[in-house]
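The data blocks that follow each hold one structure.
Shared between the two complexes below is chain A, which pairs with chain B and chain C, respectively.
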Partner chain A sequence: MSSQLSASAVALPPSTSVAVGGPTTDSPRSPDAPRSFWRRALGDAFARYGARIGAAWVILLAFCGVFAPFIANTHPLLLKMDGQWSMPLFRHLTPGDVVLLFATAMAALAYFGMRGFRPSQRLYIVVGAVLLMIPLARWFVTPPITVNYSQYREAEKAGRVQYILRTPVRYSPTDYLRDLPDRRLSPPTRHHWMGTERDSADVLSRMIHAARIALTIGFISTGIAVAIGVVVGGLMGFYAGTVDIIGMRLIEIFESIPTLVLLLTIVAVFERNIYLMMAIIGLTSWTSNARFVRAEFLRLRKQDFVQAAIAAGLPRRSVIFRHMLPNGVAPVLVSASFGVAAAILIESVLSFLGLGLVQEPSWGGMLNQARNEGGAFSWWMAIFPGTAIFLTVFAYNLIGESLRDALDPKLRKLD
Partner chain B sequence: MLSYIVRRLLLIVPTLLGMTALVFFIVALSPGGVGAALLSQEMGMRPSEREALRKYYNERYGLDKPIVVQYGRWLNSISPIGFPKRDDGKLGTFRVKAPDLGESYARGRRVDGMILEALPVTLLLNAISLPLTYGIATLVGIYAARHRGKLFDTVSGSFFLALWSVPVILAGVLMIGYLANQQYFKWFPAAGLSDMLAGSKPFFPARMPSGEFEPGWLLDRLWHLALPVLCLSYGQFAFLSKLSRGAVLENMRADFVRTARAKGLGERDVLFRHVLSNSLIPLITQAAHLLPAMIAGSVVVETIFSVPGMGRLLVDSIKLKDREVFLSITLIAGVLTLAGYLLADILYAVVDPRVSYE
Partner chain C sequence: MAKPLLEIQDLNVAFNTERGQVMPVRDVSLTVYPGQTVAVVGESGSGKSVTALSVLRLIPQPPGKILSGRIVWQGRDLLTLSEKEMRSVRGGEIAMIFQEPMTSLNPVYTIGDQIAEAVMLHQRVTSRQAFEIAEQSLRDVGIADAGRRLHEYPHQMSGGMRQRVMIAMALSCKPELLIADEPTTALDVTIQAQILELLRKLQRENGMSILLITHDLGVVAEQADVVNVMYASRIVESATVEELFDKPQHPYTEGLFRSIPKLGAYAERLDTIPGTVPNPARFPTGCKFHPRCPRTRAAAEEPGRDARDVIEVTSGDETFRVLRKCATDEPALREVRPRHWGACHLVENFDRSPITSPQLDHHRSVAAVAVDGGAQAPLATATTAGVTTQDLAGGVREGAR
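This part shows the complex of A and B:
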């Protein structure tokens, strides 16, 4: 039994390793029960400093992404102008902001509350609620179409403001400071802690809002890649033979497609669309996941517990997804983690080349503004967004490495 | 071995077909189809030019035919074997012919010519970068593995991971901003492959009759290539160093190494004859995966440093919406990647006698 779990064979004494053989996360356990395979693998990985630092950075980014409107916004949280109280920030939240905040709140509720539900049920509740929220937000959240950012600064200058409560960063990412024309492309100052862009937008504010794009593109494209990779690799490994040969050809075709070049081509002929970008990155990068799952499944299909499941007459769906998958999907975690880093890099390169999204702030696009006509170099436009890309990619690579070390007993023996 | 190579080459055919189909159908399914270039390029053209452009596209793709037929026509014209087009517009008999990559109307040139100009530049960049990276990375990997757990090993381990994570766009922009800029240090040229006067320079460095030192064409070219090559190499260097450390470490514990030590071989012989040759195997397999990375890398590096190679041609043609050019470049990049995989597979079998494909 212990040999089916590559990692457990090394770390645990034989007596405990018997108890962890299977998908046991669904059932409630007493505190001293042996930890499940997943919990142990993740625990081992995140016991390392590298993974912890990486995870801390990703959590910080996620926080910035979710609460971006409350961290960096020109609209004040609370305003008393001409004797009238108002909350302009809430009035200007977009449907996307609302859905994101709602999803975060639901996830937090599911994690800390909902004691009576099993984890899978909690997942369904959260996903269902968020899906329900999307059309609701589209209907009911209607921010003003024309936004006047300079009204607050002008009103303040005119002395019409009695009370104002601002966000920590006082500028929206699309606030081009129309009333302050002398702040264009300035190095860091007291007002703009990371300087301003060519079109006067505040760099720090754009950096914070760009965390959204980086995280979404990483997670969604990797999610697509993992889903395709697991299904294709699982089928190849389970059926072997002809299916395996056809699958390998398919993998070879997709591996021989240079992702960046294909993406550039698609950007050239289709409209710029972040969802299309995610889909393409996901559709071209599933191959390593499929290879891993296939190798694991080829190993697993000969093992007694799988043979027993087949002999017991369980449906194939159940054998593949309930018995084999939980035992064979661990290596995918590693390649998924590196995949997120690669996806973020690809997006930043596209934006850097001026072929990314137009309106939304993106670290790659900001980095491109470091070089100006005539050879002038705006260091703040290179250092800050560039470091953000670097740290994010580094964080995911650190997590990926720690996971690989935790899951791969061969490497563990060496180090 | 030979039968394996032949089988492998035959398997390339469906892969190539799949890849070309994917590339073509993406373009064909985009709004406007293959002929959309007509709309974007016709503006500002004289009626006679417009007529010529329409005739060209119709002849090449058969725009009134279904997409599958268009794909077949395109495939026939780009492939080196097929039915050559005769002067009267009909197709000849099936035989080896010159592949026809089409014509770029945005620039009024044939695509083959543009690619033949750009490809050597990219190959040159990679031909300098690849051996350099492999050579140094192998040595660093051996050193780290031999001094396992010591300061160099532990520090270099995290350092390489960090170096690998530095995005090329950041490194390139910083290099050009600080090392090739009047504001800071003007040590390197900021753009291009050679000096404007390079054509009139002697090849090797020389002392002029006037007593001045003349660096010559070769040094000038290397000076221009220094930053792009550095930019292209550092990430792969970090990755390969980690890989070679792991491979050397694994082999140092193998039985055959213990045997070699037991029979009294010197440390140097053990390391460089027994350990190294076996550690090269994962490095060679990795070479296949480096090729796509290099194509992607040269897109960025060539754009930042204004090097007139394939990557730059691709980005330029995308901005010009020059379909024939980027269709061809995507195709060539795919073929190169495929060739890289094939080469790595064959090399794998050559260097490791334990691997058998029979």
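This part shows the complex of A and C:
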């Protein structure tokens, strides 16, 4: 269950970033073609430098996340050892890696190909294919359970390797260099561009692989928060009255829960599970989304086009989700982009406090290692992950700010 | 006599506000017959829009609530239908167009999407057929290049065009009744004339009824068969259009006529009805018009009036004398003349007139409806807000059956 979830979870970031960044930045559309409200709003938002820089960074992260095994891996891409050709990297791909790559390929195909389908149909095709791929990958992709990282280096030293094609970064995030004990906690060198950790793992490799966690935790927890917030806020705003009062009290109850303290408790009681963390962050941070949607819906329910939609006999579901939501979700989009940043920070804080994940690389966890026993300070362990966290949070804030400005009716110049 | 299509009987609607319950619609009864255009005229806040919204149960609940009454649509009381049954009535049998065309279309979808969505809801058609129907209905409302317009967004269109789209959407499912809530108020006069013309044409072609909510007597003169005048939550006068324009009974209606600018007549200032429509939270007692009513003041000042019949009232910063019954008894709607209902104590024989609910299965004739209060000149000489005589003349000719 948990790893099935993992596959679908990590599949999310690239396709989402394609959907958001795609249609606005580089769509070759004739200027007189009608553009919908959303196209114009997103176009406006991503016309700003801030949003473009932010989006570029997020796309870079997404790229790192998806192709991490091909960027940083101890297993060579191509190997001729003892006269035998092999591709160890592909044999060691996990089901999660495969699903992620497949999802990215499908998203790219949907965006650049599939001209015969409407956008919604493309989305269904991609989601359907990815969901289908998850069990298939779990069934057919079976990497070896025991991994020997040092075998390639030892073989090379022994002169058994005739040809080897490596990835740009030569170390896996969990390659603790058992055969090279002198590399432990070293500052940046020729071999390790960002130094190594206390347990000898390569910092750059871990940074690249940690992009997955950073993006996933941001998107999943914000996704949960948005989903709950939209439904609760939408119902409150649409029905108003008693529903609104009850919903408001619910929001107040959830707002009184301190997220970090709850997370510390959960982590202390249960195992350290990233999906549990995402769920907790999502379940405690939906309230502002609900407030936004509620306010928008209270405004919208009296608007003529909503009345007209009801007067046309449309069912309530269609009125709420097709007619009201697209017109009222703008502030949520803005707060969601800030929410992603906040979720990444929370995960970093937890990892920094030593309550994050144990095996999986995470920026916050690496930051924690900057401070060593005896007060020694490893500057490379602070600078690189710290910069990554800062840039990512900054990128989301830039995007959020541009979205907010583009969607602000006072600043908007949409006739 | 044909069976009425829509019968509103003693409708009472309340809104809960922070300052207590207010009732924007009280004891309203009106009837719409097939093929008829029934106008509801009144100032802002008179309750006419709430009446219209009540028919489709579109009153925002909360804070609104329909307290009592029946809204009988082809034998069924709409107020007792389930939300699901109501949905098939909305759009399919009764359609509605709104005052503000700039905001009544969803900015996020193309107009083709919006019309086709409504079509597919009420008719068993494929999406391709729905778009064909949408295109045809755009053509019907006189939109040039309908095929291309279908794929445009509302912001790419002018106000008049959007109102045409609204009408196209409303009529795409061939409703039997169209509720038009101030359909031309937000449009400039030439576009107003075109839209009214279009409504007449479509009505003639489809034979539907129109419940026309307006504050514009010029529109009423051109369009209506039967007129209901609303003031402060009640219908105060109800008659055929010819009768009402010829012999208005209620002082409020008279006041409305007096405040219409007349072409060819010279005036320094237009006549107005003194005062304002009372706030629904603080309606006066008795006849709600009495603080503004010239007729009761004149009657109170008549020589030989028994002092017991007169009462002194204060409205705003003004103190004056009115008839006691006007300030204490609310007059019911009575049939004061044959086929003419009014609610005013000071109409001749008011107390002896029967209290009945207005039923007028009337269609206007070629006839002349003059806005100038009784002049029999055909093709009226005046109307409100600058709809030119030309338009009006054309209008009446068009309206002839």
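Simple rule for what comes next: the second predicted complex is superposed on the first by the 377 of 415 C-alpha atoms of A that agree within 3 Å, B and C clash if a C-alpha of one lies under 4 Å from a C-alpha of the other, contacts with A are read in each partner's own complex, and residues count from 1 in each chain.
Note that in this section a contact is a pair of C-beta atoms (placed from the backbone, for glycine too) under 8 Å apart; a residue touches a chain by one contact, two chains touch by 3 or more.
Predicted, not measured: the structure shown is a model, and the values here were computed from it.
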Following superposition onto chain A, is the placement of chain B relative to chain C best described as a clash or a fit? fit
With the two complexes superposed on chain A, say which partner A:353 touches: chain B (first), chain C (second), both, or neither. first
Just checking: does A:302 make contact with chain B only, chain C only, both, or neither of them? Give me first, second, both or neither. second
Between chain B (first) and chain C (second), which, if any, makes contact with A:312: first, second, both or neither? second
Considering only the touch criterion stated at the top, classify A:270 as touching first (chain B), second (chain C), both, or neither. first
More chain A residues in contact [chain B versus chain C]: B
Just chain B (first), just chain C (second), both, or neither: which does A:249 touch? first
Just to be sure I read the superposition right, which of the two partners does A:345 touch: chain B = first, chain C = second, or both, or neither? first
For the superposed model, what is the least distance in angstrom between any CA atom of chain B and any CA atom of chain C? 9
Enumerate the residues of chain A that count as touching chain B in its complex and touching chain C in the other. 414
Taking the touch rule as given, give the residues of chain A at its contact with chain B in the complex, in rising order. 50, 249-250, 252-253, 255-262, 264-271, 341, 345, 348-349, 352-355, 364, 367-368, 370-371, 375-377, 379, 382-383, 386-387, 389-390, 393-394, 397-398, 401, 411, 414
Flag every residue of chain C that touches chain A in the complex, lowest number first. 53, 56, 58, 60-63, 83, 87-92, 95-100, 103-110, 117-118, 121-122, 151-153, 155-156, 166, 169-170
Would you pull the chain B residues touching chain A in the complex into a rising list? 11, 14-15, 18-19, 22-23, 26-27, 30-31, 36, 158, 161-162, 164-170, 173-174, 176-178, 181-184, 190, 246, 249-250, 253, 292, 295-296, 299-300, 303, 314-315, 318-319, 321, 323, 326-327, 329-330, 333-334, 337-338, 341
Seen from chain A, its contact residues with chain C in the complex are 34-38, 240-241, 301-305, 307-316, 318, 322-323, 326-327, 414-415
